[in-house]
Amino acid sequence: MKQSTIIWTLLMVFGGLGLISVQLFRGKGEVYVREVPVEAKSSSKTSPEQTYRWSTYQEVSAKEKDDPGISFSFSRTLGLWVAAFCTLAIFSFLYGDNPLYKFTEAVFVGVSAAYAMVVGFWTEIVTNLYAKLLPELARMSFFPDMESDVHSDLLYLIPLVLSVLLLWRLAPKGNWIARWPLAFFIGATAGIRLISYLETDFIGQLQSTVMPFIVFSADGSMLWFKSLKNTVVIVGVTSCMVYFFFSVEHEGIVKYISRLGIWFLMVTFGASFAYTVMGRIALLSGRLDFLFNEWLGI
Amino acid sequence: MKRTVPLLISAVTGFVLIGTAFIPMFEEWGNDAMAWFNLLAAFAFILGGGNLLKMQLQKISAQQAGWGYAAVTLIAFFVTLFVGLAKVGVHPNAKFPEYSWSGNYLEEGGAFWWFFEYIFTPLSATMFALLAFYISSAAFRAFRAKNTEATILLIIAVIVLLGRTYASEWLTGGFPNEPIFGEGGITYSDFKLDHLSQIIMDDFTTPGMRAIKIGIALGVASTSLKVLLGVDRSYLGSDQEA
Amino acid sequence: MHLRKNVVIERLMIPLLCFAAGMAQSRADEPPQAKQLAPPTQFRAEDVDGDAGTAIDLFWTLSPDDEEDTKPRKVLRYVISRKQIGGSEEAVVLESGSPFVFEVEEKKPEFEEIGEATYRKDTFRDSNCETGVPYLYRIQAFGPDNATSPAVEIKEPVIATLQWFNLQRSWFAVFVFLICGSVIVFIEMARQGKTLKIRKIAGLEAIKDAVGRATEMGRSCLFVPGIQDINDIQTVAGITILSQVAKTTADYRATLEVPTSRSLVMTTARDTVEAAYLQAGRPDEYNEDDIYYITDEQFGYVASVTGKMVRDKPAACFYMGAFYAESLILAETGNSVGAIQVAGTAMPTQLPFFVAACDFTLIGEEFFAASAYLSGEPQQLGSLKGQDFGKLIGGILLLAGCLIMTISAFESRGEPPAEDKETFLQSAQIYLKENILGKGGF
Amino acid sequence: MLKILQNLDRRWIFLTMFVAVSVPLIMGTTFPETPSDQVLAVFDAVDNLPDGSNIVMALDYDPASAGELQPMASAFTRHCALKKHNIYFMTLWPQGINMIQGSIDILNDEYPETYKGKYGTKYVNLGFRAGNEGVIKLVVEDLKKSYTTDIHGTNLDNIPLTKNLKNIQQVDLLANVSAGYPGSQEWVLYGSSPFDIPTVVGCTGVQAPIMLPYIPDQLTGILAAIKGAAEYEQAIINHYPDLAENPKAKEGLIRMGPQLVAHVLLISLIVLGNVIYFMERRQGTA
C-alpha cells in the first residue's frame, strides 16, 4: 500500500509541476496560427464570374506569436490539451485499470472504427467505385476536374455486387451469402500469395544464398573472412532447413545438424528481440517528447 | 449450394490468378481482380463498423457492466463518422470553389483532421508506447536463461542492444584495428560491440531469417493450394452443413 | 550559367570543361544564345520480352556532352518522341460507348513527345504501345537555355509483339508446377490410404505435461487462439491444436478456458471443443460459457485476458495463433502467475518473446506441422510432405549451386577474368543463378 | 533482499523505465554517430541520383509508430529536397495521409525556393488507397488504374509530374518508410523484386531482421529503427553541414540518448532477473 502511495504522489507532483511550468512559460501549451487568405475564382465558363474567399491557417511556433497576422488558435490549443489528456489517461493504465483509462479506451475504439470507415469511403468507394460507375454524377459532385470523355465502366458492377453480398452478413437472415465474396477474396489472395511468396521468398532467397564457400581475391589469394562469412550463411540456411524438415526423425547426424539449425534460429530471434525492444523504446520516447516539448515546453 | 459455390468461386479465382502470372496477355485480369479486391476491402470496413455497432448496442440494451463506456464508444463513433462523411470544416478545391464537396476530407483545419490529429494519433501512439513498460517488466520477470536456446537468445539480444547505442563506443571503443593473427583479415576491432552486432545481423540473422522465409513460403503455397483445392475449408465455418 | 563556345571546337574543349565551368560563370551576364549539343548515338529500340505487347525498350549511348561530373551540366534531359507508321487500318478508331459510330482519324501521324529521361540515363521504356503497330522513335538531348542536339531517329520501325507465355518466368513455372504438383500428389496418396511418416514434434509432449500439472494443482488451463479472424491460416492451425488440447483436458478432467478476439473464432472454437469432449466420452463436462468472445480491439482484448489471468491464476497457458504486440504482455503476465506456457506462431516478429518467456515454443513452420500432425487428417499430412519435397528441391539446388561456384572459383583463381571464354563450370553457374533462379528463362 | 526483489511491484520497474527515458530526453544529450554501410548505401542511393530525379516516397506508417519512423521520413524528405528531386508521395495506410502532410510541410517551410507553390511540378501527393499489396501490384504496372486522381481530386492526367507516368517502374528510386503490413516487405515482394525498381526502406526495429535478407539484390539499402535514422541524419549532416544548424534535422540523434539509458536499464533488469532466478533454483534444489 505504501509504495503505491509514493507512485501516486510522484505522478501527482509530476502533473502539478507540468501545469505550473505551463503557467511559468507563457505561450507553451498554446498554439498560434498564421492566417493565409485564399481567393478562388469560379471555374465554370457559363456562370458569371464569381470569387470565393476563405482563409486557411498554418501552425507557427510560439516565438512568432507577436508577429502580424498571427493569432491564437483555440481549437488547436484545445486539441493539444486533449491529446495530452489522452496520453496521460492511457499511461494511467500502468498504475492500474481505472475509469479514466476505460473512458479513453472506449473513445479510441469508436474513433478508430469510424476513421477507417471514413477513409475507406472517400478513397475507395467514392473514388474508385462511384466515379467509375457514374462519372457524370461524380464530376458534378466530388471531382469537377475529371475528364469529360470518361464513360462508366460497367465492369465495376461486379465488385459492387460482391460488396453488397459481403454486407449481407449484417442481415439477420441468409448471411451464408456473404461467403461468396469471401470466397472470391480468399481465392484471389491464395492465388496471388502462392505466386509471390514462391517467387520472392523461395526462389529469391535461394538465389541470394547460392554463393561459393571459398572466395579468392583478384590475385588468387584466399579471402578468409569473406569465405568464412559465406560458409556460415550457407551452413546456417541448410541446417535451419534440416530443422524444419519433417519427414525424418531427429536422430544421428540429423540431430546435430538440426541442433545447429535451432541455434541459428535463436541467434536470429535474439537479434530480432533486440530490434523490437529498440522500436518500443523509440515509441515511448516519441510520446514523452510530445508531452515534454510540445505540450509542456520544458 | 452454401458450400459448393464458394469453393468453386475461390478455386476458379485462385487458379486463374496463378495462370495470369505467366501469360502477359491476361496480366490485366489479375489487376482488375486486385482493383475489385480493394473495393471489397473498403466495404469490409463498413462490416467492421456494423459489427461494432451491434455489439455496443447489445451491451447498452442489456445494461451490462460498463455499458456507459459502450455509450461513449458509440458517441465517439458517430461523431467521427459524421464529421468525416460530411466533410465538416473542409474548404472546396481552390480550383473549383463552386463545387462545395470537392475539398480533401482530411484537410488541415477540418473537423475530421482535428479528430485524427488530437485524438486518434496520441491514443494509438501511446498504446504502443505502453509496450516499452511491459518489456521492462518482462525483462525482470520473464526472460530467463532456462535452457541453452534461451541463453543464446538473451546473450545475442544483449550484444545487439548494446551494439546499437553509444555504449559500444564506451565499452569497446578502444579495440585496435589490428589483425589478430596473420593476414586473415579478422581484427580486434571486429569484436567491438557495434561491429559484432552488425556481423550478427549480416551473417547469423540472415541465414535464420532466410530459412524461416523459405519455410513460410512453402507453407503459404501449400496452404493456399489446400484452400483452392477445398481440402481446407475452415474459412467457411463449420456451423452449417457440417 | 552555361558554357558558350563554338560547336567546332566543342570536342576539343571537353578536357578543359571542368576548368572552364568556373570561368564561364563570371560571364553569365552575356545574352544567352541557343547552342548545339552533341546528339546521343547508337539509338535503338527493342520489343520487351515476355509482356503483352505494350512496351518497347529504347537504348542509346549518352551524348558526349553528357558527362559525369561537369557542373553546370550541358545536357539536362533526353526527350523521346514517337511516330506511328502504317496504313489506314490502325487509324480506324472504334468509339467506345457508341458502337455504331466509326470515326476515321484523318490526322497524318507525326512525332509526339512521349516522355523524357534525365541526364546520365541511357534507357527508356515506352509502355504505352499498341500491339502490332510499327513505331519510329526519335531522341533529342536538351540542355539549359534551350540548347538542343540534332534529333536522332531509329532506322527500322519497331513493333511491340504479344507473347502468349512469359518466357522469363519459365523456370519459375517449373518450380510452381513441381511444388504444387508434389503437394497435390501427396494429398492424393494420403486420400488413398497410404500412410505418411512425419517425425515427432517436441512441443506436443509439453502440452500434455502442462495439462497434467494443471489438473494436479486443481487450476484451469487457458488457451488463446491469437487475435486474427478465422480466415487467417494461423488461427486455423491454432484451432486444430485446440482440439487436441481439449481432448487432453477432457481426459484429465481439467477446466479449459478459451477467450477469443473474434466472434467467428468463438463459434468455431465452441464446435471444436464440443466435438473433442464428445470424442473423449465426456460430453457432460463441456461448458459452452468457458469459450467466450471479448472484443475485436487488440489492447482491449489483452487487458481483459491478462486481468483474468491475474485473478484465476491458470496453471497452463497456451498461445496458438497469430499474435502481434500483445504476445509480450500475455507471456509476461503468464510468467508472473507461474503458469507453464506453451506457444506456437508463425509471426517472426513475435517468436523471440515467446521463446524467451515461454516454456516451449512451436516455431514457424513447426506450428503448422504440429497442427497437421494433430489434426489426424491424412490430407493435412500430405501437404506437409509436399512442403518437405519443396525444401528438398531447394536444398539440393542450393548445395549444388554453392559447390559449383566453389569449384569454379578454384578453377579460375588468379587468372585474369577472360572476357569471351567461359569455362563449363562458369556457364553452369551463371545458368543456375540467372536462368533457373533468375529471370533468364530457359 | 531476495524476498523483496521476488515480490517487487512491477510499477517500480515502470517508474525506473519512465525516468530512464524522460531524463535524457529533457537533457537533450546527443552522441556522435558513425553511419554504417547499410545507411551509407541508402544515402548514396538518394545522393548519387542526378538532381531532379523522380522519387516515389511511400510513407506506410501511422502516428503509433511515428516516434520511430518520423525522423526517417523527415530525413528522406530533407535529403531529396537538397537534391531537388521530384517527389511522389503515396501511402497504403489510411493514417499515412497526415504523415505525408508532415513531409510536405518540411518541403514548403525549409526549402521554399525549390518546392513552395510547385505542387504538381516538383512534388505530388497521391494520397491513400485501400487494398494493401493489391495497390502495389497496380501501381507498379498501371498507376492510373489505382490512382485516378491525386489527394485533392485532381486528375493525374492534368498534373505535369504524373501525366506521362504509366507506372512506377519508370521512377528512379522508391523510398519506403514502413511500420508493418502493408509496407516494406510487400513493396519488395510485389514491387522491387519482380520489376527491379531500385528501393530503399526505412523500417521499425521489429521489421529489420525480416528485411535484411533482401539486401542487396532485392533492396538497395535499409534504415533500421531509430539508430538507422540517427545515422542517416548524421550522414546527411556530414555532406551538407548547413543542416547541423537545424535542430529538427537531428530528431533521431536526440532520441538516441534515451535509447542508450533504456537499453542499459533493460540489460540490468535481465541480468538481475536471471540472478534471482538462479538463486531461487539453487535454494530450491539445495
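Each chain carries a letter (A, B, C and D) given by its place in the written order, and its residues are counted from 1.
Here is the rule we use: a contact is a pair of C-beta atoms (placed from the backbone, for glycine too) under 8 Å apart; a residue touches a chain by one contact, two chains touch by 3 or more.
Worth saying up front: this structure is predicted, and the values here are computed from it rather than measured.
*Asks:* Identify the chain pair joined by the greatest number of C-beta pairs in contact.
*Replies:* Here the largest contact count links A-B.
*Asks:* Name the chain whose C-alpha centroid is most distant from the C-alpha centroid of subunit D.
*Replies:* C
*Asks:* Rounded to the nearest whole Å, what is the centre-to-centre distance of subunit B and subunit D, using the mean of the C-alpha atoms as each centre?
*Replies:* 15
*Asks:* Quick check: how many Å separate the C-alpha centres of subunit A and subunit D?
*Replies:* 11
*Asks:* Just how far, in Å, is the C-alpha centre of subunit C from the one of subunit A?
*Replies:* 19
*Asks:* Which residues belonging to subunit A are in contact with no fewer than two other chains?
*Replies:* 93-94, 105, 108-109, 115-116, 119-120, 123-124, 128, 142-145, 182, 185-186, 192, 194-195, 197-202, 205-209, 234, 237, 241, 244, 265-266, 268-278, 281, 283-284, 286-288
*Asks:* Hunt down the residues of subunit C that sit against at least two other chains at once, touch-wise.
*Replies:* Only 176, 179-180, 231, 295, 299, 336, 348-349, 352-353, 355-356, 363-365, 384, 387, 390-391, 394 qualify.
*Asks:* Among the residues of subunit B, pick out those that touch two or more other chains and give their numbers.
*Replies:* 18, 21, 27, 30, 34-35, 37-39, 41-42, 45, 48, 51-52, 93, 95, 102, 106, 108, 116-117, 120-122, 124-125, 127-133, 135, 137, 141-144, 149-150, 153-154, 157-158, 161, 164, 201-202, 205-206, 209-210, 212-216, 218, 220-221, 223, 225, 235
*Asks:* Name the shape of the chain contact graph, picking from line, ring, star, complete and other.
*Replies:* Per interface graph, the chains form a complete graph.
*Asks:* For a test of understanding, state which residues of subunit C touch subunit D in their complex under the given definition.
*Replies:* The touching residues are 73, 114-116, 118-120, 125, 127-128, 336, 348-349.
*Asks:* Give the list of subunit B residues in touch with subunit D in this complex.
*Replies:* 27, 30-31, 34-35, 37-39, 41-42, 45, 93, 95, 102, 104, 106, 108, 113, 116-117, 120-122, 124-125, 127-129, 132-133, 135-137, 139-145, 154, 157-158, 161-162, 164-167, 169, 194, 198, 201-202, 205-206, 209-210, 213
*Asks:* Considering only the defined contacts, which subunit D positions touch subunit B in the complex?
*Replies:* 8, 10, 13-14, 16-18, 21, 31, 36, 62-67, 95, 97-98, 101, 129-132, 134-135, 137-138, 141-142, 145-146, 151-154, 208-210, 212-213, 225, 227, 256, 259-260, 262-267, 269-270, 272-274, 277
*Asks:* In their shared complex, at which residues does subunit A touch subunit C?
*Replies:* Per the stated touch rule, the residues are 93, 97, 105, 108-109, 151, 182, 185-186, 194-195, 198-199, 202-203, 206-207, 209-216, 219-220, 234, 237-238, 241-242, 244-250, 265-266, 269-270, 272-273, 276.
*Asks:* Note which residues of subunit D are touching subunit C in the complex, please.
*Replies:* 10, 50, 52-54, 164, 166-167, 169-170, 172, 206-207, 209-210
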